[in-house]
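Below are two complexes that have subunit A in common, paired first with subunit B and then with subunit C.
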Partner chain A sequence: MSRRRNAPCAPHDGTQRPAGPVRRALRLDGTRKEVLETGRTRLLVAGIVFAVAFSAIGVRVLDLAVLNGGDTRDVATRADGPPPVQTRADIVDRNGHVLATTLPVAALYAEPREVDNPAQVAHQLAPILTESTAAELQALLDSAKSFVWLDRNLTPRQQYRVNRLGIPALHFKQSEKRFYPYGELTAHAVGYTNVDGKGIAGIEQSFNQLLKDSNQPLKLSLDVRVQHILMEELRAKMQEFEGIGAAGLVMDVRTGELLALASLPTYNPHEPGRASDDARFNRATLGIYEMGSTFKIFSTAAALETNAVSLFDKFDVSEPIRKAGFTIRDYKSKDGKLTVPQIFMHSSNIGTVKMAMETGTEVQRNTLRDLGLTRPVTLEIPEVGTPMVPNPWREISTVTVSYGHGIAVNAVQLASAVGATVNHGRRHAPTLLKRDPSDVGPGTRVFSAKTSRQMRKLMRLVVEYGTGKNADAYGYRVGGKTGTADKPDHGGYGEAQISSFVGAFPMDDPRYVVFAMIDEPKGQEHTYGYATGGWVAAPVVKHVIERMGPLLGIEPRPVKTPEKENHPLLVNALSEDERVASN
Partner chain B sequence: MITVARTDTSTLGAWWWTVDRWTLVALGLIMGFGAVLILAASPAAGERIGLSGFYFATRQMVYLTMATGVTFAISLLSPLWVRRLGAVGFLGSLVLLVLTLLVGPEINGAQRWIALPGLSIQPSEFVKPCFAVTVAWMFAAQRERSGIPGDAIAIALLVVVASLLLMQPDLGQTFVVAAVWGVQFFIAGLPMVWVIALALGGVLLVVGAYFTMPHVAERIDGFLSPQNGNPYQVERALEAFERGGLLGQGPGEGTVKQTLPDAHSDFIFAVAGEELGAIACLIIIALFAFIVLRGFSRMLQEDSLFVLLAATGLLAQFGLQAMINMASSVHLMPTKGMTLPFISYGGSSLMAMSLGMGMVLALTRRRVNRGDGV
Partner chain C sequence: MSVVRLSLVIWLIVAGAVALGLYQVKYEVQRLEEELQQVRSDIRQDRVALHVLEAEWAYLNRPERLQRLASKHLDMGPTGARQVAAVTALPPRISDAEPAVRLARAGSGNDAGMPLPQAKPWSLEQPMYARAEQAQEQPQGRQRQGLGAPLRQARAQVAARGPRTSQRENTGANENTRATKNNTAGQVGQSDESTRLTAKSSPPRSTQPKSRAIAVGDVLIQVGIRQ
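So, the complex of A and B:
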């Protein structure tokens, strides 16, 4: 191929060559040249524009291919898929056992208008969705709605099976469900959430916002092991004595932490709607009861604290007290005079009233106030009952309050006050949250250490020789007090009783208060018809202590209970007659 | 090696020694690229609309063969015959444009096609080269003082063609036709005042289109505000260039054609970017630029005003169309339905392009009697 640019007869320069063989009009030649000249110049301009434009495209191609276009495209800043959901925080017990957690579940819905054959689809779904029958599903699928929930809570296996049906009109939505691995065991304390994940009872309600925002588990003071023991023992006695309910708790007297908080009957927190109001009712915190003789702990302590009475003062309990239309008789009719230990040990109403009279209304009221018995207890759940206190606090009130009538408090208040009494007189506010040991303050002083020591001895006496013998867990030095109160009934008191026992152990340096209460127990043949605190609730406390003591590292120590006559607190108290009689 | 003696005065021999062989080679290379790319891109496109895998490729091969023939045949013509062919072709395509509006089927809201048994043709493709030649004739006639009011006729013709195209509506073709017309008028010596006025008029027209045609507004908005996300096709096309890198994934190895509906036509340049790479793309750009600029440079020595204006118009149309297509693919401008000459699939486009380039080859042939007769 020739590399010459020009054909032989085509000269190089058009402007210099003669204007061709034909010269039609010479006069036009000037104009024509001008026009051509302009045209060539402008052609050059057009050529430059084209060259620049083509270069720009070339640069852009290189830019895209080599420099990735300077990221003009949308660049994903995060992975595809829904944003990570902040799930509701877990609730755990003091050892980290999960009490409440949130799991992702699949929610199944359908768009009924897309469903070709509702009857067939319902028939296929029914065996998978255990919650609904085929007829119910068909009714949903037949409806004119554009959207129906078929099941809000599918297990992965159910989801797989539904998927395998291959029905295009069925859709899943990622959802969340609150699960309570221990179910009804901790239902009353932990509470529950509604279908939208909002806490509407217990800790779930009180800490709703915190649980929503936090991703740290919320640590409760509860110990599921102790909780389980308490529930089991309470349930056993409640059934044995045909009670309508029961409540109980275990509290660390040195910190105020509640290791167990029980209310029976309980409910399944996954289906709170199916539970009765009675089951959802928290007898341990919302229920307030006249506690009966357990209040004698506070009356006696107040009397000793103020030195209104000394330990070996004797009181005549032979005559019933008649005051303002009430006649106060003793539970166990005792003749003659009794010392304070004897009054306490035998739970003498008359003796206690006489001590309270010595102590006075003012002291009694202040003592109960300091023990936190006159105001609603500060606890981290909304279900807290307001105590009923005498108003006005007359002299007759002082009389009845001294043995636990005419004042109604909840179980936590009572246990907390007992805790203060045995814990060297220092009260710690009860709590359902785990307390950091460094956060535990010195507590509020209610009684002197001396009073506390005396009370511990008296309470131990009750278990050694008195009404609380059934609470004596061997080796754990249990002390406590029984309480058997008549339930108010149509303005008066009826047959129904609240039988309780509040105990603490080990009495030489108490760690835990254990409280048990059975609502309306019925006397049984093997208890000789009795359904008192000593028969019904004291064994619960005994069994709970026997089972929880080893778990919590409290060593049982063999103790020798001296013969009643030789007990230092009783030796001086026994009258000549009694001593002779017992011989 | 073709051996044709320089003394060979037969038609073929004369053609061989006078035709611009460099442009011929460049055109051949472009067609070669086109064949490779259409083989790669068309199976995906064909299968998407339920045709056999190589439906588009087979047809395009036939068109390419025909296009080669047409280009060659027309390049044999003398400038006078080019003018005659242009004028007759222009009248013919005007009739077809009117027919399109009367009997053309409406596809995607536009009437652009005339359906014939076995194929359909797009008259707006054919009107472009013919119009360029006719308008060149008119501008030249005005300046030859032949007594013909060429400028006025050219303006009138533009109004007629633009109106017919806008009625389809086909804004892209209208733009190309008007721009080519403007280039020709500019080179024909339009006073600078008028150049500026026309440029402003063009801007006003675009603004007018923006406010009166919703689909135009949509595209321009999409281009100007990329934060709202680029159109799907553009996004895929840009991805293709990035995936391709410098050397490409290899012919047929690309994936963008699977997701780009117009991979075989408007976005074939993206397929080139992905499969052949940036270097091949630069070669393609260079080939187009070479043809345009080589043609222009030959025109610098041209004495016939008609030849100068006609060839410039045809080359401008060829170059502009290539630029619009490629610039759309790399997101330098809003997308316009514009084929890449000799590469994109499309019978009408290919035939019209070979008509136009055949005329360019004819006009750029070395002539003994240049400046004569026309």
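So, the complex of A and C:
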């Protein structure tokens, strides 16, 4: 520009055109010059303005690009999209199988006035909406209302099919629904929610807030496979013996985790309202029962622990005991004297009472307290029954409690106490949540390791030769104790019974406690009219162990059961005379 | 003038290029924004779909249903405790590597001859013992197809290469005495080919009692066949 401006100008001469490059000067005068000057000035001003503007932009660009604009806003952090809509967290089993989840569902409604041909629409909808028939749908669509609900819960597939019909008068409303894929299998433990998505039973209730706030699934200790096995076996025996209910559980004695928790009859958690109160009643946790002879485990363990009784002490069980108006007899009256293993094996009430008398009321009470049998169990569901303990704890209480009457506890408490007895005397609080193996503490010591070892031998004896023979699962060294308790009936005891069996395996180093209980079983012909724990509940435990053992990788080791006469615990039981005679 | 025009042209080109670039970038950004929106919404939808599918998967995997389907369509039952065996529970096993190693050495004339790999005596469909018996009964009959076959051929070739030496006669005799001591010898790991080679110099084996055994593994769980 400057070059041009400074260049001298010459008047344009059209006639004389020089041959080579000639410098010419152009001089302008007067108004012409003024106009040009004005134009140049304006150009200059505009140029400056633009220059300023562009340099400002340039500075800003530099600032943003090189100096980060002084403000580091990370815009790419949410590249994977905004977090999904907050819904209630899932509940999963120990292996991650979904027990409860929240699904988006579509609710279908129609505006009947806009429906041209109600009969045809109803006919098209009927095969998709399985809940209602074509006639019902037509009645809804024929109504004079401006708005009718056709179905509240459509699966995505149903929604797709309805959409494909392309009927303009049908509309959807998106909502959510709690869904339990395993249905009634885990209903009692998991619980259910109301229509507003608030937990009102089981884990759903006790972890309501956590499930609402968290995005992480809640991991339970349950194993659906074991749960299924337990449920199936319990149901089979309950039907076989015409029981009114059943309960059972499988507990890991080393951690206190419940792998299965069953209560029958059960209910469909999608429609809890339709279930009877009886079906919703959790017999395994809320129901407290006088457990009967299974309590002899604790009486015997307490006696052995305090050295009040030694393993080969003998007790006379020939005479019934009369105490405070009660007469205690045995199911099968045995003549003469029995050693502790024999008392335990044959479940002798008289023998157990005599042992308890040796042990004393105070010790019995403290032992049961340490085993967690006198206070409500700390479990993660609200349905936990408060045990009924004798108050005051008199001598007669000691007598009845020793064989499991006059004290009522729930199944979880019993299994947990048995778990402590067999698990080298260490008790782990039962839980429904999965425990990290590194999180499991040493547990609280209830019995010495020696007592635990003795008790395991005694419990194995019951299964080898005693009342629990039907629980002997091949290869798994099952030990346990049967229990048959009379149900209280109008202040006394009636005919109805609770038949139970609590077992543990493998007995050389127990991993699991399995408990089964049938409520009011009736004696059957093929069991010779018996409906005792040994006939009813022991086979359940046997089958459960046989099926869950290989599943959980417990190594089966077939052991040969010695002849009864040669068993080390029973050899000494034979009287001197007999031994001399046999020699 | 030419300088002026050149710079003007350059600037015009630059300006045009910048304008074009800006245009391109702007629309690229717009397109990417739209794509991002689309991807986000896809992700959201996929998540919901995944969630629904997970629930459906759980529903279809109800143990009760799987049990029903398995009993209907499969010939198998759950593994029982009786189908699990430990190595220690197995009958004693004669070292199967030895004869083959000796054969290999004899063939190569090399004392430090290489031990040949052996077919692992393990079978799902049939215990090894039974297979060895079968092969003996019909030596020229159908050749078994399997992983062990090429190995067996190789071993037979090695054995056939050298002339028959007294060493090998001894091998056969040794093996045979062992076989009569323990009726499982010579069949556990010994291949039928090498058995046949040695059998020429030894009495027929038909006198051996037939033995059956469960398969071998560390702790082997056999597939349970419903009875």
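A few comments on the model shown:
The criterion applied here is as follows: the second predicted complex is superposed on the first by the 432 of 583 C-alpha atoms of A that agree within 3 Å, B and C clash if a C-alpha of one lies under 4 Å from a C-alpha of the other, contacts with A are read in each partner's own complex, and residues count from 1 in each chain.
Convention: a contact is a pair of C-beta atoms (placed from the backbone, for glycine too) under 8 Å apart; a residue touches a chain by one contact, two chains touch by 3 or more.
These numbers come from a predicted model, not from an experiment.
In the superposition on chain A, contact of A:R161 is made with neither subunit B nor subunit C. When the shared chain is aligned, subunit C comes close enough to touch A:R547, but subunit B does not.
When the shared chain is aligned, no partner comes close enough to touch A:H270: not subunit B, not subunit C.
In the superposed model, A:R40 makes contact with subunit B only, not with subunit C.
In the superposed model, A:K337 makes contact with neither subunit B nor subunit C.
When the two complexes are overlaid on their common chain A, residue A:H171 makes contact with neither subunit B nor subunit C.
Once the two complexes are overlaid on the shared chain, A:A65 sits against subunit B while remaining clear of subunit C. Residues 1-2, 6, 17-18, 21, 143-145, 183, 186-189, 226, 229-230, 235, 238-239, 241-242, 244-246, 273, 277-278, 281-282, 285-286, 288-289, 292-293, 296-297, 299-303, 305, 308-309, 312, 316, 319, 323, 326-327, 330-332, 366-373 of subunit B are the ones that touch subunit A when the two sit in their complex.
Taken together, the subunit C residues at the contact with subunit A in this complex read 4, 36, 39-41, 43-44, 47-49, 51-52, 54-59, 61-64, 67, 78-84, 86, 219, 221.
The touching residues of subunit A, when paired with subunit B in their complex, are 1-2, 6-10, 12-14, 19-22, 25, 28, 31-32, 35-36, 38-40, 42-44, 46-47, 50-51, 53-58, 60-62, 64-66, 68-69, 72-74.
Subunit A meets subunit C in the complex at residues 3-4, 79-82, 84, 97-99, 101, 103-104, 156, 179, 181-183, 185, 224-225, 227-229, 232, 473-476, 546-547, 549-551, 555-558.
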